[in-house]
Amino acid sequence: MKKLLNNPDNYADEALDGMCLAHPEFYQRSGDTGRIIHRTGGPIKGRVGIVSGGGSGHLPVFAGYVGPGLLDACSVGNVFAGPSVADCMDAMKIADGGAGVLCLYGNYGGDRMNFDMAGEMLAMEGLASTTVLVADDVASAQSAERDKRRGVAGMIYPFKIAGAAAASGGDLATVTVIAQKAANACRSIGVALWPCTVPEAGKPTFEIAEDELEMGMGIHGEPGIWRGKLRPADEIAAEMLQRVSDELDLVKGDRVSVLVNSLGATPHEELFILYRHIANALAAKSVSIIMPLVGRYATSMEMTGASLSLIKLDAELEQHLKAPARCAFWSVA
Amino acid sequence: MKKLLNNPDNYADEALDGMCLAHPEFYQRSGDTGRIIHRTGGPIKGRVGIVSGGGSGHLPVFAGYVGPGLLDACSVGNVFAGPSVADCMDAMKIADGGAGVLCLYGNYGGDRMNFDMAGEMLAMEGLASTTVLVADDVASAQSAERDKRRGVAGMIYPFKIAGAAAASGGDLATVTVIAQKAANACRSIGVALWPCTVPEAGKPTFEIAEDELEMGMGIHGEPGIWRGKLRPADEIAAEMLQRVSDELDLVKGDRVSVLVNSLGATPHEELFILYRHIANALAAKSVSIIMPLVGRYATSMEMTGASLSLIKLDAELEQHLKAPARCAFWSVA
Amino acid sequence: MSWTADDIETWLGNCADRMTQSAPELNTLDGQLGDGDLGATLQKCAALMKAGLLGTAALPSDAFKTAAGACARASGSSFGTLLAVALLVLAQETAGKPTLLVQDMAPLLEKIIAALMLRGRSKLGDKTALDSLEAIRLAVSNLQDAEDLQLLCSAAAERAIEDFRMRPNLIGRARMFAEKSVGLADPGMVAVARIVGRAA
Amino acid sequence: MSWTADDIETWLGNCADRMTQSAPELNTLDGQLGDGDLGATLQKCAALMKAGLLGTAALPSDAFKTAAGACARASGSSFGTLLAVALLVLAQETAGKPTLLVQDMAPLLEKIIAALMLRGRSKLGDKTALDSLEAIRLAVSNLQDAEDLQLLCSAAAERAIEDFRMRPNLIGRARMFAEKSVGLADPGMVAVARIVGRAA
């Protein structure tokens, strides 16, 4: 395992420490275990709080998206492991500005159980909360079983859009409805070339040959759709675009945002090579791209590979996508 | 070679294409060879133009830093190869708003020859230009031979500071003096864990064992100071900090900016683990960190490793560092 | 047979000890089908349970509540949460009662299973810890007071592991390895057998 | 012996052909000490030179200027730039002259070497293409009109390679491999020998 770390058991905590030291204007740690990251300054009174959470090792997801116009708090687990129920409860309490809390996170069994349980326990204390699961990974289940799909990079669109809705004063029901709408409008798929290594485990999350890639692999190394020989970037981009746009029924004049995301090691140069194909292909269909995002928005540490996310926009989603927001990893002015 | 690309010969061009497609608000391509990236909207009349250039494969360096308050144009070579003389000339011409052009780039023999020659040829056509070389890599030569040092990630500080000086209306001499001051105040060192692969070459730039790292290695795989067994991140950070601060004579009350930069594959989590040590060590010395930068600011594609840069600030440098600037990879509001 | 708050604390402490002891085995099993953290998860739950159970519970439900809180703080892994849910159900359902009777076991297990199905969006037959609990529930229905309870539960849990061994996992992480899971014991089912205690 | 614009165009064209032919050899050599692009660099320079030299130069300096521009457009690699500088010096120094004399060679080479030292911040003895040019300059000083010029230059360039083989590279990329470079021919020195033409 070749990583810049101290004790593998402290990887998540030391990374969070560093993040808060580097960006005290955005992030503060709290909770019994220090596994809550919340907005500096605390919740905004009278505004809906938005909470997310999940495992470490995906920065900027999840905790990196805490910031004005984005998330209010996050509960953070160990690398690739969910946060505890208690931390989910703490995050929700910290995010509560009196107008209720939306729990907005990726559709993983463990995370869902924990947030649901946290929500029920806090309901007994009178805290109102709702849940929107992001299940954007088209590779993880057929569209008939959408509720089984995992949440991947596309989740940043619901983060951004729900964050804008909350910032503009929407009530819990309104924010929940628009977050669900954003989650519904969004599709992603990933392609993996090399695995990463979970520090505590010390060995790669999967094995793959020198000349192979896997289409549809999940961000923790979950099995994908097919594994085969490396292909030209344009072919890979074309297949990814096909798969994510399949269910979105894109027609001439539609407006989408596009995220070409590195899973970690894949460099910007290659993301732009992928984006070039995707931009040209969408232009050929007369589909407009709004606020394209190319970079590292949801990673699996040093995994090599990329993901493509598309969100189909209507006027409301677009307006919220473009609303101002800031965190250390993404700002929209 | 496991990379998301089409024809390796088109790697640089397709990446630039994608970058301009994704961010037309910042970047435009021109020149005979398409290897000039310049600011959308062209030079600002009456303002000093700032030009940089160098090889591809280092995004955001060089072309990514074209933008308001930063660079005006860049000439871009193939991966890890300098731009041509003709492209340097074109970049200088495009950046010229009538107040002359500062050529500001990393100290590499080939690049220097080309920019110097371009400058002399344009001088014959009446274009005034000056040169500031960034030679921040303390690992590449002793301090007595500072003019032999290579330019690495620290160069973004002179980019930012000179950009602010030009944007605020400084004349060529003034902008040159402050760029040189910024370059003089800045020191960097890198540590490499795994190499990257130049697409045209198809094989890794160097070999290194499973359990080794190399302190001081250059961004093209140039030999470093020592190679040895992997160590805890805190030890590595401590040595890097020692080496970059050695010549800066930091004392209580000094103000610095710090850049903890991924060479490509090293994830944000690990950068924050390094930053945590560095922030604590500087705090212990009562040295203040202004605007810390943690992320991918100068890369070698998918190389694994990190670099640390420090710039010692006086009031003038700090003011220009904090002045507003924008590009697709970095914005200061 | 009936149990006081003290008895329940003692029993929960013994469960915790067994969780700690079986951690290495469970990590290995979970490593084959999941992410290899089941043992570590139980270890953390056990440590926090032991730290919380100080022999001061006035009612059985107090002990359950303490243990539930410990598991909720421990971990983000599925089994820890399932344990927390189960213990919370016990706390809620036994609220106010000074002692528990052996006859309460089967109905409590029914409540627990129902809550876990809801929480885990799983059903009986998915090859999870729930199938083990169901096997135990059946074994303790219509119980004769004199029988060796631990032997009975343990035997039921062991039998359940074998009954499900050749079936595929239909939920959780192991679902992604459905074919591979045929022939392997479900880690969560093994965990239940270890927690209730090995038959001597 | 004297040369017209036509002669110069023909000679530059022949140089370009030799650059193309020796590209694979030079890539390999540069791969041992540098980044392996010397052959590719010369190939690009040659292609652009050939495209620009259309037999229309009125004066020798026009041909040099065209060739210089071609090399300046070709590449970011050091040798391409050094070639561009050398050709530019020739264009500047021969400006206006309808023909060039063999006696002009040595002084022109002196000017070229001086310009290259300035541009490359290198000196004679650093084991670069400049040492080859210096060897040629010495060979063509006090030249007898009748001698076979190509043979003379080529022999000088080949000799220079051997004279420097056992010395370390002191500049450019190869500097970083100073010890390794002892015993290896400098790629740029080999390039000069190939460009002026192999002795038959």
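Details
Here the chain labels run A, B, C and D in written order, and each chain numbers its own residues starting at 1.
FYI, a contact is a pair of C-beta atoms (placed from the backbone, for glycine too) under 8 Å apart; a residue touches a chain by one contact, two chains touch by 3 or more.
All values reported here derive from a predicted model rather than from experimental measurement.
Removal of chain B from consideration leaves the following touching groups: A, C | D. Work out the mean CA point of chain A and of chain D, and you get 57 Å between them. With centres set at the average Cα position, the gap from chain B to chain D is 33 Å. Rounded to whole angstrom, the centroid-to-centroid distance between chain A and chain B, based on C-alpha atoms, equals 30 Å. Touching two or more other chains at once is no residue of chain C.
Viewed as a network of touching protein chains, the structure reduces to a simple linear path.
Here the touching chains pair up as A-B, A-C, B-D. Remark: chain B residues 32-33, 55, 77-78, 80-87, 89, 109-114, 116-117, 121, 201, 220, 222-223 touch chain D in the complex. Per the touch definition, chain C reaches chain A in the complex via residues 35-37, 69, 71-78, 80-82, 84-85, 119-121, 171-173, 176-177.
Across the interface of their complex, chain B is touched by residues 2-6, 11-12, 14-19, 21-23, 56-57, 59-60, 64, 191, 193-194, 196, 210-211, 213, 230, 232-234, 236, 260, 264-276, 279-280, 292, 294-296, 299, 301-302, 304, 306, 328-329, 331, 333 of chain A.
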